[in-house]
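Below you'll find the structure, written out as structure tokens, and then a few comments.
Order of writing sets the chain letters: A, B, C and D. Residues in each chain are counted from 1.
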Amino acid sequence: MATKPASFHEMLKDSPKNWGRWGANDELGALNFLTSEEVLRGVKSVKHGKVFTLGVPLARPQGDPLYPSRSQPIRTMAMDKGFYLNGRATPMAGGLEYADDIIVMYLQGTTQYDALGHVWYGDKIYNGYDAKTTIGGLQKCSVQALAEHGIVGRAVLLDIARLKGKASLDMGERITLEDIKAAEKKQNTKIEKHDILLIHTGWLKKFYDGGSAAIFPNGAFNEPGLGYSPELVKWFYEMEIPSIGSDTIGSEQTFHDESGTMLVLHMALLCHLGVVFNEIDWTEDLAADCAKDGQYTFLFVGAPLKVVGGAGSPVNPVAIK
Amino acid sequence: MATKPASFHEMLKDSPKNWGRWGANDELGALNFLTSEEVLRGVKSVKHGKVFTLGVPLARPQGDPLYPSRSQPIRTMAMDKGFYLNGRATPMAGGLEYADDIIVMYLQGTTQYDALGHVWYGDKIYNGYDAKTTIGGLQKCSVQALAEHGIVGRAVLLDIARLKGKASLDMGERITLEDIKAAEKKQNTKIEKHDILLIHTGWLKKFYDGGSAAIFPNGAFNEPGLGYSPELVKWFYEMEIPSIGSDTIGSEQTFHDESGTMLVLHMALLCHLGVVFNEIDWTEDLAADCAKDGQYTFLFVGAPLKVVGGAGSPVNPVAIK
Amino acid sequence: MATKPASFHEMLKDSPKNWGRWGANDELGALNFLTSEEVLRGVKSVKHGKVFTLGVPLARPQGDPLYPSRSQPIRTMAMDKGFYLNGRATPMAGGLEYADDIIVMYLQGTTQYDALGHVWYGDKIYNGYDAKTTIGGLQKCSVQALAEHGIVGRAVLLDIARLKGKASLDMGERITLEDIKAAEKKQNTKIEKHDILLIHTGWLKKFYDGGSAAIFPNGAFNEPGLGYSPELVKWFYEMEIPSIGSDTIGSEQTFHDESGTMLVLHMALLCHLGVVFNEIDWTEDLAADCAKDGQYTFLFVGAPLKVVGGAGSPVNPVAIK
Amino acid sequence: MATKPASFHEMLKDSPKNWGRWGANDELGALNFLTSEEVLRGVKSVKHGKVFTLGVPLARPQGDPLYPSRSQPIRTMAMDKGFYLNGRATPMAGGLEYADDIIVMYLQGTTQYDALGHVWYGDKIYNGYDAKTTIGGLQKCSVQALAEHGIVGRAVLLDIARLKGKASLDMGERITLEDIKAAEKKQNTKIEKHDILLIHTGWLKKFYDGGSAAIFPNGAFNEPGLGYSPELVKWFYEMEIPSIGSDTIGSEQTFHDESGTMLVLHMALLCHLGVVFNEIDWTEDLAADCAKDGQYTFLFVGAPLKVVGGAGSPVNPVAIK
């Protein structure tokens, strides 16, 4: 590891960019690749009618998997049978009673999409918009833009845990471009241009089995995942990958091996290329099914909420095989 | 209108019930009809790869359409460029900065699904569970159960506004079984068993054009929509409809014409039959497209969030034609 | 009314300022006047041991009085007897059960104190700090500073409603320096240097009697209260008034008669002089008692919460006569 | 320690009760002792005009002291200078700009008062009201009742840390009636009937010095404080103590030495006698001052917010010496 993390300005100065590629007003980034043709390609990949919902449970009493700066969603009742039992509420005409609830949560405090304006370095977010447009709510590149379009297309699951012969990757373990290619080969699945990628690491299952201590030993946030290399970024650029997701909180290796820099792919892919990040996916059941039937491709439907100005949104992505 | 609204106990005493049909532990209700075969039937209805996202914008500064007892979602920033500008926050190693936000909202304060335990009369919710199980959070029939399964299948849009030759139905206007059949005929679209139904009324557009005053004149909540009749319920029962949605807040006629009773279909369909309600859908663009190309059927993907104990959940449903 | 509201830069260019008076690091403003001597002066004014709490009820189901940009506090239960009744919660060792609740509210969404950094014009808040220090939370002049000190001293109630012979002042009605002097005379109460002032207008009672419509006809926010004049400001400056409060939402006349400018005293008193504003006080009972016993002076204890970075804080001020 | 914690029904079957003492409709409990005479007695104890505010900072980025089932308050901005800088907000007529914020918090997630309906055992809260009245919000004995009255009177600080010659009491350390009497003697301060009691343990300073780990080693909640004995309860009953507070989260010894039962004084004092509990007080500075000038008595002003139905309320209590 370098003595001092490299700055993105230096590290990514030759890294490809899609800024301006879809016009000065673009807020969709690589979702522009998801045309009707790609939707039909996704639809064609459905063989059995099996449905997998990839969201994690939200607001569990035992706690949810969260990036350390965020806190646990709080769900409370505004109305329930108790209100009728003690006379606080009266049934409606006819006798209808109801339960109603409220949530307080970080918009990225569960399975979620990052807006394209969620992260940046220096003074510009994706497509060159001023980072000051994020103040008070994203005036540009909010999650609403992604939600209006939807993330619908063919997806490929890359089961890197099985590739490595592990139940889960290790803390900080890097996934390389070679690993992707090895997974393609092992899974007998060719990644095509414009495929959505889902990386299975087994990491999230550690949380549900062992709690926060299992994935944050001593409070350290250091996840396994795709790790930055110029080759990997070039491959994403050439393959025109619209979106990636994973069963980790950050959907990439937290610390870059060579430089110690954090979350480099959020810069090189999301901020430079407009690749849309989907995080905290529950891929365990899907991965098991793919391993069983050998079909690693499917129609993927990701539909975050149209949060006005939102830097992110909860979502329950759907894989249809 | 009757002098006193009829009670559901009396009104629905002969109305069909699916309680116990899928076992004593069932929490999915009519979603049980959505098998893999139905998913494939939905997939087959896709012709063009067009995607319509049916969620409404969430947390607009100008306000969102809401049931009167709920209040406007509040979204605020926990981090944005301003925090870096005044030194409250320091970029991460490498230079990454980010924006992050928090939401406070009624779980049914936007486009949403009702849990099967959301409404009831007397002491029992769907499938006969004790209504006291709703206290503090739904121990049974929460939205989590629906979200784990997903609402995926073939859907039919019934454009009742166009059928009636109106931009929008009128306040309190009833849609009958005859209207459904007339729409089938006019649209040249046969509703099949297990189809998901989406009713377009034009009502929600009134809100976005004219604000709350346009749909709640003098504060009155009195929406148009499907109106209760024993025939209509029998038809739903026999057609085994898994789910309905509409571009209104309640997805049914608010007051029953004959009895003045409120929200009868929430009892006869949701509570008795386990039909899943989806509300506040933005169907305007989808309806315009269907009218143009004559294709009123599509793959529908509804994926509420897996809110533990939730009486409802926000969602951004997707129609793929 | 002028055709265009005057700008504060122009209007207040000769208005007195306390910036720098208590040093470059001051965040207390006119609370610096509230020394131990003033506390003792307040204590001496107590004659009968009567206590009046001036906060308004918070989170009423029927709604609270609010500035239009804010929304109603939401209080929900995190635990109550219902949780024990249906088995969600288990009593503690010994049998203890408890109720617990959560609140979501604007910090100024009830009886409250404004932080000295709550309002400004141009680029500087009180004492010349950069207004950018407000971003993400008040780094300077937050309500925490006021709360650490407390607002304790002698206060005088000025019953302007009784002075004018009205139950309530009219919408937009101005209170002048002459009115203050007339009230002193009528009440036989001399305002002394460093007295805290409480203005009774009767306005808030209109809200509790008639709802929002009574104080915001057609949604218009146009309150009665102290109205700006250079003489009035000079008097505050010379009398070294530490704090004012009133039974209105803004504690001043909303629109300046001559110029149509809004909330001028928030600029001339709070921002220039560091006079601390207390708002939405329930003065009705206190005023009635003062009218009865002729004692309009009392020990005042205002203790907002020590909200870190807070632009304001709820409070329940206490008058002890 | 007993093998099984004793039940309150058994343990407190002969413990005195004030239920019914002030009528069937009483919701004030021992605050009934705080008459005008007691207020005047408190006022008379003021000698120097020194003011101590006893609230702790609220919503610190580093975290606040909290009972383990609660979570950290979240304060976010709804408006600040950033909104004007990027054009999201426009100054008001004249040029006024403002900052505004929102809080989400447990009502007992900082320095606070417990409502008399906050805790109970069996089916009855204080004064015999049905515990079901807590469902959805306290219909009886909410904190609003206490807040309307105010907690104003003479208080005595008992500096038990200094008595024991420690900076802080130890985890789980018991304070006995003998300790109270020893403190009276050492401090040369006689506790009078109807005095409010404040117990200084030094415990909270450990939190601010060492974080959660310092007061919750291995997550264990086991505070020092007044510990149950029949003699202690009898003394409270006979002295007619209206309210107690301390610099701990629970304001009593967590586990009873002899029986292992939790929070016995919440039952014997709060629930049986209506003694009002004030918790998480910052008594460090006040205690140091009392040690210095030898004056341990003062006017105490506690004014929780009038939260409708609230099980508790944040507060910033004031001691005036």
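The rule is simple: a residue touches a chain if its C-beta (ideal position, glycine included) is under 8 Å from a C-beta of that chain, and two chains touch if they have at least 3 such contacts.
In this text, all values refer to a predicted model and were calculated from it rather than measured experimentally.
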{"item": "Copy pair subunit C, subunit D: interface residue numbering same or different (half cut)", "value": "same"}
{"item": "B-D against A-B, pair bridged by the larger set of C-beta contacts", "value": "A-B"}
{"item": "Whole-Å gap separating subunit B and subunit C, where each centre is the average of the chain's CA atoms", "value": "44"}
{"item": "Centre-to-centre distance between subunit B and subunit A (centres being mean Cα positions), rounded to whole Å", "value": "26"}
{"item": "For subunit B paired with subunit D, centre-to-centre distance based on mean C-alpha positions, whole Å", "value": "46"}
{"item": "For subunit A, residues that touch 2 or more chains besides their own", "value": "74, 77-82, 85, 102, 104, 132-133, 135-137"}
{"item": "Topology of the chain contact graph, where touching chains are joined (line, ring, star, complete, other)", "value": "complete"}
{"item": "Parts of subunit D lying in touch with subunit C, wherever the complex brings them together", "value": "5-9, 11, 35-40, 43, 46, 48-51, 53, 55-61, 69-70, 75, 77-82, 85, 91-108, 110, 115, 117-122, 131-138, 144, 147-150, 152, 256, 259-264, 266-267, 299, 301, 303-312, 314-318, 320"}
{"item": "Touching residues on subunit B, where the partner in the complex is subunit D", "value": "74, 76-78, 80-82, 85, 102, 104, 135"}
{"item": "Subunit D contact footprint on subunit A (complex, rising order)", "value": "71-72, 74, 77, 79-80, 82-83, 85-86, 88-89, 104, 130, 132-133, 135-137, 139"}
